[in-house]
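One chain, chain A, links the two complexes that follow: it is found with chain B in the first and with chain C in the second.
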Partner chain A sequence: MNLDMLRPEICLAVTAVAVIAVDLFCRIKWLVNITSVAGLLASICMALLLIGNSEQSIGNGLFILDNYAIYFKLLFLGIALLVILASTDYVKRLPKLHGEFHALLLTATLGAMLTAAAHDIIAMLLSIELTAISLYALVAMLKNTKSNESAVKYILLGAVNSAVLLFGLALIFGFSGSTSFTTIAAAVSTIQVGNIADHAGLLFGLVLTLAGFAFKIAAVPFHMWAPDVYEGAPTPITLFLSTVSKIAGLSILMRFMLTAFIQTDSLINNLGIILAIVSALTMTAGNLIAITQHNIKRLLAYSSIAQSGYMLIVVAVAAIGLHSAASISNLLYYLVAFAIAEVAVFSVIIIASRNADMDDISDYAGLAKRSPLLACAMTLGLLSLMGLPPLAGFMGKFFVFSQAAQNGLLWLVLIAVVNSVISAYYYLKIVRTIWMDAPASADAVKTSLAPKLALLISCTGILLLGILPALLNKAAEWGSFLALWN
Partner chain B sequence: MSLNYLSIIVFLPLMAAIALALLPRMPLKLVKYIATGAASTVLALSVYLFCIFDRNASGMQFEEIYSWIPALSANYHLGVDGISLPLVVLTALLGLVAVLVSWKSENRARELFIWLLVLESSILGVFCSLNLLLFFIFWEIEVIPVYFLISIWGSGNKRSSALKYVIFTLAGSALMLVGIICMYFVTGTLDMVALEPAHGALATIAAPAMSTAPIFFMLLAGFAVKLPVVPLHSWQPDTYTDAPVAVNILLSGALAKMGGYGIIRLCVSLFPESSQRFAPIMLTLAVISIIYGGILALRQTNLKRLVAYSSLSHMGFVLLGIFALGQTALIGASLQMVSHGLITSLLFITAGIVIDNTNQPNMAKLGGLARQMPVTAAFFVLAGLGALGLPSTSGFAAEFTVFLGSFSSSAVDGIKWFTAVALLGVVLAAVYILWTIQRVFYGPAQASFDSVRDAGKLQRIYCGLLIALIFVIGICPTILTSVIQNSAAVIVSLVGG
Partner chain C sequence: MNSIAPELIWAIWLLPLAAFAVIIPLVRPFPGKAEPASYFSIGAVGSSFILSCWLLISVWGAEGRQILVNGPTWLNIAGGPLFNFNLLLDPLSAVMLLVVTAVSFMVQIYSRAYMHSDPSYRRYFAYISLFTASMLGLIMSANLLFTFMFWELVGLSSYLLIGFWFHRPSAIAAAKKAFLITRIGDVGFLAALLLLYSNAGTLDILTLNSSAVTAVLSGSVLTLAALGLFLGAVGKSGQFPLHTWLPDAMEGPTPVSALIHAATMVAAGVFLVGRMFPLFEAAPYALTVVGIVGALTAVFAGTIGLVMKDIKRVLAYSTISQLGLMFLGLSVGGVWVGVFFLFNHAFFKALLFLGAGSINHATGTFDMREMGGLRRRMPWTCVCFTIAALSLAGIWPLAGFFSKEEVLAAALAQQPVLFAFAILTTFLTAFYIFRVVFMVFAGEYRGSQRLHESPKTMLIPMIILAIPAIASGWLNANGGFEGLFEGHVTHSFWEGIFGLLTHPLAWISLGAAGLGILIAYVMYIKVWIKPDRIKGELHPVYAIITHKYWMDDLYENLIAKSLLYRGVFRAAQWIDRVVIDGAANALTSITKVFANRASHSQNGALQLYAFVGITGALIIALVVLLI
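Showing the complex of A and B:
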């Protein structure tokens, strides 16, 4: 067991425990924030130190250490850090749950990091559950009717989803005889192209597994939970759900597809078409329903569903074209661009609702007059999600679309660009409210230093990545390891 | 060449805008001087480039290439040729005029100047970019300033007009983006110079006209919305009517030219076969735009809406000149873009002065203003004469060249008929311009307008400047044609016209 390769995860687990201890024995609340930020920073440093290590399996093949995993670890840690920074004021609304909030956030992040590194069905399932169970509690933390309702919904649907996922994985295990991705791949590769229909059990298991992943990333038709849960959850948790939880789902979907099922050409190609159709449905449904929303968190939930659709394009391309190296670097870029834009937008909502919920779009009327900084950050974030150059979101879309067009998915690209135009309508609706409507009150919105820092980091990221995408592309090319599997 | 002139020209307004945005407590007067200073510097630099431009060369000049996105092998590549340089100068000029037009603005004035400068940068960027991705980025950036400018400082139904503009533009550019992506994966390059068939890349597809036709049309969609061409014009009258005058100037004077420029630079020079094949369709649309715009202009009662339809009609001549696919016609089209920019801006400015000072956009209720506002009346009449193509104005020089070129062009069958029908547009222009002058400025003076102010001192200066340019170009068009002709010849030689 080379556990030293799990240093970032161990550090994070220790921090989570330490946070609970500090919360228990210490009356100074901000020490909890400091502890969790310090733990995250330490974990980030340890993850950075892992770069350059040769690819190796950890714990007898349960997990794997490769650039892909390190990249996601850093991404999750970074987002978690920004979430905690942005919610320093917001957590005062949860006076008795200060420690729990931070500790559970850290364990959820830990689960996501392990998910991205999982290389075995059991490890994957446990990591996913670690994130999910932490989030069940976090969603309920506001303890009001809405929050409770969404928590119950999330737990029930999440439990059903876990069952579906488990059933699918059990079937795959039954027909391949192994829990390890590598062995499954070997078993799948013996299937003759053309008689896939003889392996109905395996196929059925695969379909159920994909449904389980689709739930995690809120892809149509498994998206229904997202708007309700996003709306009722505390806003920092909404941000966490729509970034870390979703990205973790995508990271394992991509790895599972490309390592365990890459070999049989016709199987994966057929899956690619199905994924492409799901992607088209997801973005269209998300964008169309978003138009009618008045609650900003619900609107962003649908927008986030639509974004899952764009991300699925990459997975579909990877499945159809088998261009895994380029697909992965595109996905990684898109995910970072998406995450920082979400952080910018949600941070503004978190900051604005430090005292009471500001969930209606009309609550943001005249925000530009009350706080130019918040207004600029939110506008940048929304325009980046919309895909307007020169922001990060545009470059992300450009990479994704151009690769999809090269791999014969031109129809999907056309649907995607039409969707981008549709999305402009509701994103601009918020922008218009911020800049052009008269504010209900003239009070400036108070912002303390830490949330400002989160805003500043995300806005700089949106601009910098949009203008000089080469910066991240260098980093994203690490992910090209999966090409070796072909 | 020691300085990166083009980068300075493109980014100076943007830098000034960022500086203004970061210094919120600056006194308004200083804001105005900074905006004017940036716009004048850009104008001075572009005029300087216009003077030192080598009129005997045919390729790109003042080029700048830096590595930008290695993953896409995309470079930061700027440069101008004879087609784009006059448009750069025009944009710089109109950018300055737009800043001056807004001089007296009080409502959120700092933001107004910021957005005007951002808009100027993005238009200049489009004309200078030689990389498709860079081109597209500048092309899209423009949407946001225009959206804010119209929906905050516009009038009437400003918000829905602004949204309509944005949705039309985004829909057009979405298709354009797909076209660019297709071109990228077919040829593997995003560089416009490398893409030109003369230089090789696109020719290596060895594609018949049919397979490149969808790309041609997707690119065309984005440009046709901007130009605009019937039937993609329906955003234009609403937007022009509700936009503030400064935006009218930049929209009709400079932004619309992005459409014409894009068609020349990307559609015609990269897809000569498709251009030739589909020229009759495009010529039909051009003629429809000319006649339809003219007829609708006749029926307008709102002064700015009339100018909007007249603009639609006149941009039809640009399309006619381009798809006649002959050298003279193309020179005419380029000339018409500059001339239309000057004339329409002047029409919008004077219409704006009339509407602002009388508070009455309805022509039926105006009349006899020549007595109360003689200077404005004179400006409007002179601009109107340019619009109807009176000899010695730039309007005449441009439209005459277009007609001469398209009538004698051999590249398209039946071009003579298109030209003959399009000539009707000139007659229509004469009717609606003269009738407007009569309705607004002549007739019995109305007592209610007795206290109306005439054009102010500043307004007289920039209107006088525009009129001087209209006549200078009209009398001596070689100033421009000497710059345009070599580049036009290169493009036409691709088409074989």
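Showing the complex of A and C:
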């Protein structure tokens, strides 16, 4: 058991406990924030120190340490840090739950980190559940009708999903006799196009498992929970759901697919086509429904679904293009670009809702006059999500679309481009409201230092990655090495 | 002397950029003293100037007269090309760096006094630093993609500076015009980039040039690419027929005209052709076009210069005309001839503009009819301006003489018609510039201002610039400038200075220039021939010239208003409204119907959500199992 390779996770777990202790025994509330930020920073340092270690399995193959896992760990930690920074004012709306908010956010992050490193179906399931259960509680934290409704829906649908996932995993275990990804891959490799009927049980299990992951990333037709939950959840949690939770789902989807199906070219090709169709449906449904929304969080929920569709392009390419490293590195680039844009947009909503919810798009009328900083950050974030050069989102889309076009998915790229045009409508609708409409009140929106810092980091990231994409290109290429390939 | 370190080469363009970054946030919110802004800016460009001198020496000593500095990767397309931001330093870029930093340094010092009372003092220095940084980047870039980016950036800074006094409608119009007309050229540049990239798979300048030499690129592709690049140069360097923006650009502050619209940015077109010269050499047809356009422009703009009343407009047309000679020089004589001309021209033309600024400082006008007799009150300005005028006219032994001789000699050797154009230009140049000198400095003052000499801060840069206006041509007296490019030194210094006079060609050009000065003297000092009489006698010609050959009217009334606005745009508008909007409206209504349907399906009922999800999973499983 080489547990020292799990130092970032252990550090985070300790921090979560420490946060609860501080909250219990200490009256100074901001110490909680400090503790969690310090813990996250320490964990980031430890994760950085892991770079350069040779690939190895941890805990007898339960988890694995490879570039891919480290990349995601750093990404999750970074986003969690920004979420906590951005919500320093917002958490004052949850006076009695200050400690719980931070502790649960940390455990959810911990779950996501473990998910990205999981190499065994039991470890994987536990990691996913760790994130999910933390989030069930977090979603309910506002304790109003809407928040409660969201939480109940999330728990119920989450439970259904867990059942589907577990059923799938049980079938896989039953037919392959092992919980380890490697052994499962060996079992899957015996499936050929000609003998599919002989392996129906195993294949059924695999499909159900993939459906379980698809729920996490809110892909059509498993997306319906997302708008309802995003809308009612406290806004920092909405941000967390839309970034960390979704990206964790995507990381395990990619790893599981590439590991389990590595030796079955024909099968994975068919799967790639199905994924491409799911991707097209996801982006189209997300973008279409987003057009009619008036609630900004609900709109962003659909936008986030559409973004999942773009991400699924990469997964489809990875399946069809025989798991090329380039496609994974494109995904890794896209995820960072997506995450910082989401952080920028949601941070503005979090800051604006520090006293009461500002959920309607019309609440943001004339924001440019009330707070130019917030207006600029939100505009940058939205334009990046829309994919406008020279912002990070454009480079992300550029890499993803060009890779797909080169791998024979031109039809999917065309659909994606049309979708980008549709999405421009609702993104620009918000931008117009911010800059052109008359403000409802003349009061400036107050911001304290930490949320400003989160805005600054995400906006700098959006600009920098758009103008100098090579900064992240190398890291993404490095991160695209999955353990199994050696 | 040690060769310059790569970090310091980067500093040459990063320093002015840093100055821009420091000044720009201070533009609005801090009323206080504005002075310090200029220290940053001038300090940065001064350091860049010193580094450029060092760089030139290093390039001289470097192996193959070339230094390549590897930079960061900008864009890395997986499986595709890398775009590295490398720097390429060779004699061409080293000389250009020296010109840009030297002139920018002098102009910025001068601007401290000229812009002294302007409320937007800081903004001015921010923009001019941005311009300097982009221009230096343009020169140093080793990849055409980055050259293009910086090309656009200098276009942007030029736009900002022409429209610097944005409260004047004429300045806004001029800025817009400059931006739009250079854009036509930029389309050519961009098209050439796409063409080169799709055929050669790279935009690296050295690779492109060598693939033109080794005929990897050849035929019509090469010619088209070269013509596209030249179209960009035509726009930027104000050549016919895209020259109309440059005279209007004089709406900017005069030091800006000196720096951007006379000495440096407008020379970027010449630089670009020089940069890609092997490509042009391999496409002889394109190179001929360069020469013909240059020669035509030289004469064409020279004639308009004869009749302008505004001193800056005369200088602007003079710049267009001289840039034409540079292109001619490139075409017939090769890189060094064109660049030598550019090098000399930058100093004396900057000096002429600074002189015009100094005159304007005293008289408050640019109209020469309200000047006259300024030599008494402004002796220093008079001396400097006259030196620069002599240099421009190409009088031995001033700088302008030497570079013009090279162009004339090369033209004569290649194509007598081009030579005739060049000699005609020499005559016109001498006439119009001495018309200015005589109208401004001789005779009696016709205006109503209290005249005074300009402050030292303005005079000193002018006096310093007068030195290269006299002597920069001597750098090639022993063949040194040519040697920098071509690699060999031919003759001794004194032989170079005096030996030229033994050649009949020198006397032809001196004769042409002398004749021009003489006629100007006769018309404007002695008034033996009244300018008004010529106006009467040659009325049709005069009308053509004063209307600038109706080029502006052609563009604005015929092309823009009649053809484009009433014709193409109306038609486009109709198509847009009926066909495209119709289709778009139909699409949006369909989209909205779908959107409404789809969002109604999301009714909040959990059973439905779970049902849709599980059914979806089962359908996928079925599909997988059945195919």
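Following the convention adopted for this analysis, the second predicted complex is superposed on the first by the 478 of 486 C-alpha atoms of A that agree within 3 Å, B and C clash if a C-alpha of one lies under 4 Å from a C-alpha of the other, contacts with A are read in each partner's own complex, and residues count from 1 in each chain.
Here, a residue touches a chain if its C-beta (ideal position, glycine included) is under 8 Å from a C-beta of that chain, and two chains touch if they have at least 3 such contacts.
Worth saying up front: this structure is predicted, and the values here are computed from it rather than measured.
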| item | value |
| --- | --- |
| Partner chain(s) touched by A:F394 [first = chain B, second = chain C, both, neither] | first |
| Touched partner set for A:S402, first chain B, second chain C, both or neither | both |
| Dominant contact partner of chain A by residue count, chain C or chain B | C |
| Partner chain(s) touched by A:W435 [first = chain B, second = chain C, both, neither] | first |
| First, second, both or neither for A:V207, with chain B first and chain C second | second |
| Partner chain in contact with A:L414 - chain B first, chain C second, else both or neither | first |
| Partner chain(s) touched by A:L449 [first = chain B, second = chain C, both, neither] | neither |
| Partner chain(s) touched by A:L288 [first = chain B, second = chain C, both, neither] | second |
| Partner chain(s) touched by A:L383 [first = chain B, second = chain C, both, neither] | first |
| Partner chain(s) touched by A:L156 [first = chain B, second = chain C, both, neither] | second |
| On chain A, positions contacted by chain B and by chain C | 329, 399, 402, 406, 468-470, 473 |
| Footprint of chain A on chain B - complex, ascending | 24, 68-72, 133, 136-137, 140-141, 143-144, 147-148, 151-152, 159, 163, 166-167, 170-171, 174-175, 177-178, 181-182, 184-185 |
| Chain B-facing residues of chain A, complex | 329, 372, 383, 388-390, 394, 398-399, 401-402, 405-406, 410, 413-414, 417-418, 420-421, 424-425, 428, 432, 435-436, 468-470, 473 |
| Complex interface listing, chain C residues touching chain A | 72-80, 591-592, 594-596, 598-599, 602, 604, 606, 608-610, 612-617, 620-621, 623-625, 627 |
| Touching residues (chain side chain A, partner chain C) in the complex | 153, 156-157, 160-161, 164, 196-197, 200, 203-204, 207-208, 211, 215, 220-222, 224-225, 227-228, 270-271, 274, 278, 285, 288-289, 291-293, 326, 329-330, 399, 402-403, 406, 422, 468-470, 473-474, 477 |
